[in-house]
Amino acid sequence: MAYEYRIVRQVEFSETDMAGIMHFSNYFRYMEAAEHAFFRSLGFSICTTDPEPVGWPRVHAECDFRYPLRFEDTVEVRLLVKEKRERSIIYLFIFRKLNEQPEREVARGMMAVACTKHDAGTGRLVAVPIPAAIAAKIEPAPPELLCP
Amino acid sequence: MAYEYRIVRQVEFSETDMAGIMHFSNYFRYMEAAEHAFFRSLGFSICTTDPEPVGWPRVHAECDFRYPLRFEDTVEVRLLVKEKRERSIIYLFIFRKLNEQPEREVARGMMAVACTKHDAGTGRLVAVPIPAAIAAKIEPAPPELLCP
Amino acid sequence: MAYEYRIVRQVEFSETDMAGIMHFSNYFRYMEAAEHAFFRSLGFSICTTDPEPVGWPRVHAECDFRYPLRFEDTVEVRLLVKEKRERSIIYLFIFRKLNEQPEREVARGMMAVACTKHDAGTGRLVAVPIPAAIAAKIEPAPPELLCP
Amino acid sequence: MAYEYRIVRQVEFSETDMAGIMHFSNYFRYMEAAEHAFFRSLGFSICTTDPEPVGWPRVHAECDFRYPLRFEDTVEVRLLVKEKRERSIIYLFIFRKLNEQPEREVARGMMAVACTKHDAGTGRLVAVPIPAAIAAKIEPAPPELLCP
């Protein structure tokens, strides 16, 4: 059972904007990258058909930006499972800039994703229970880790 | 005095992902594009030094995703001023897919931006009052427009 | 029979980088946008299954960058059909900055795309002749338009 | 003296498109990432003011796409210095997909970058000789490495 995962990224030139900082839309790409690496760490791919062909569309995403990130900054994105529901997962993401002492939290985000399948009849995505093999490996993080 | 603006976009191939829908990070790019077009509609540029050199970093951004957008879908992004504070503005964004009857709301986002200057002493960004010329042209939207 | 198409774009904040100019990778996104708008102008979608389910993967892309584009610059991307072959098309793209007098060419690109189908046996993409309905509407541009 | 550098990337979900493959514009972002990592490997940053404040705008970029990359594919981007001129460098990039046997070359690109400074008088970028400290560490690759 896992409730957290960390990835480290170095801000790329193409991720900066003319204000000289990482464009805010990229924080959301980083969150998703952490989610997908978390799944790989559990032995799954987010795009797997094994054990079942499910998809994980985003239902909600948000981020608070506290301190800018610049080109070549090293940032840890720490994923924490905030809630595990029958058909969805809510993740918390804590961004820490590592190449400066003291290290500091620079952003904090959240993402809610639904477990879905294509309904053969209507062609629409419908929320379905998280496959048992996946659900068995994920648990919510201890509440004290989720506080600022 | 203005409190809203609408832009229309057509989803591009490079904005889609392997799930066949617009990648969620692009909704945030669309919100920002609407904000910048709103400023142009008032006679300003978001990157102006006139009347004063201020910047507008994002403090918070969020989005609820209700229905996917696909390649070549036509989407209206309607910006509404939710709050105008002394040193910040909160925007609401309503995404409507136009190429389907009945039209439907597909996403709803929010963005809080701070009005900032570079402090010559510390080199840091500090929040400053919105320049009078800009503040004079922006007002909060009527509350009834902000409800779902 | 058509051999050219023009789109006009305004450079967005998210397309700039810390050098204060449009990131070079976005010129390739603009070229593709012009290609897809060209297809729409002919009554097709690049992602159509009508008249036949074909795809158009890029085989080659290149761009010469002569003069930078900045935030809110207005740029015309002019597509010209350089060559129409049995199973591929080569496009030329001329970028002109419109918000400055005299207007000037700021970049020039090229893209070769192959017409492909999924081979049911191998699951691979294989090059196929351009569907007749599409080929009937596209012709190469006069050579004098293709010179610098 | 160095003439090559290798980075390894794993294709991200946000880099794919609705065709299920990595969008071609991202190959150019990967090339640039390899260039910047090459500079770091030499003890420089591409955005340094030390030893001198120079910039490296792209003058030309191109890529041949031979085989698609998909989500979670592992790809090596190998940079080779093709030419070192007084005021510019030409790089070759070879993309190899590592998570498949036999490994195969999937794309090959090229990028020409100019060494520039801001001219104080005109405000324009002008090409200048590569700073000696940087030039002293870079040499062209042996010709046999540059052939297909």
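Just a few scattered comments:
Residue numbering begins at 1 within each chain, and the chains themselves are lettered A, B, C and D in the order written.
We adopt the following convention: a contact is a pair of C-beta atoms (placed from the backbone, for glycine too) under 8 Å apart; a residue touches a chain by one contact, two chains touch by 3 or more.
Quick caveat, the model's predicted, so the values are computed rather than measured.
Between chain B and chain C, two chains of identical sequence, the interface residue sets overlap for the most part, with shared numbers making up over half of the total. Centre-to-centre separation between chain B and chain C, using Cα means, comes to 29 Å. Note on chain placement: the centre of chain A and the centre of chain C lie 34 Å apart, centres being C-alpha means. A straight line joining the Cα centres of chain C and chain D is 23 Å long. Residues of chain C in contact with at least two other chains: 13-14, 18-19, 21, 25, 29, 32, 47, 71.
Shown here, the protein chains touch in all possible pairs. Considering their complex, residues 18-19, 21, 24-26, 28-29, 32, 47, 55, 57-65, 68, 125 of chain A touch chain B. Taken in their complex, chain B has these residues touching chain C: 12-14, 29, 32-33, 36, 40, 45-47, 71-72.
Touching chain B in their complex are the following residues of chain D: 13-14, 16-21, 23, 25, 70-71.
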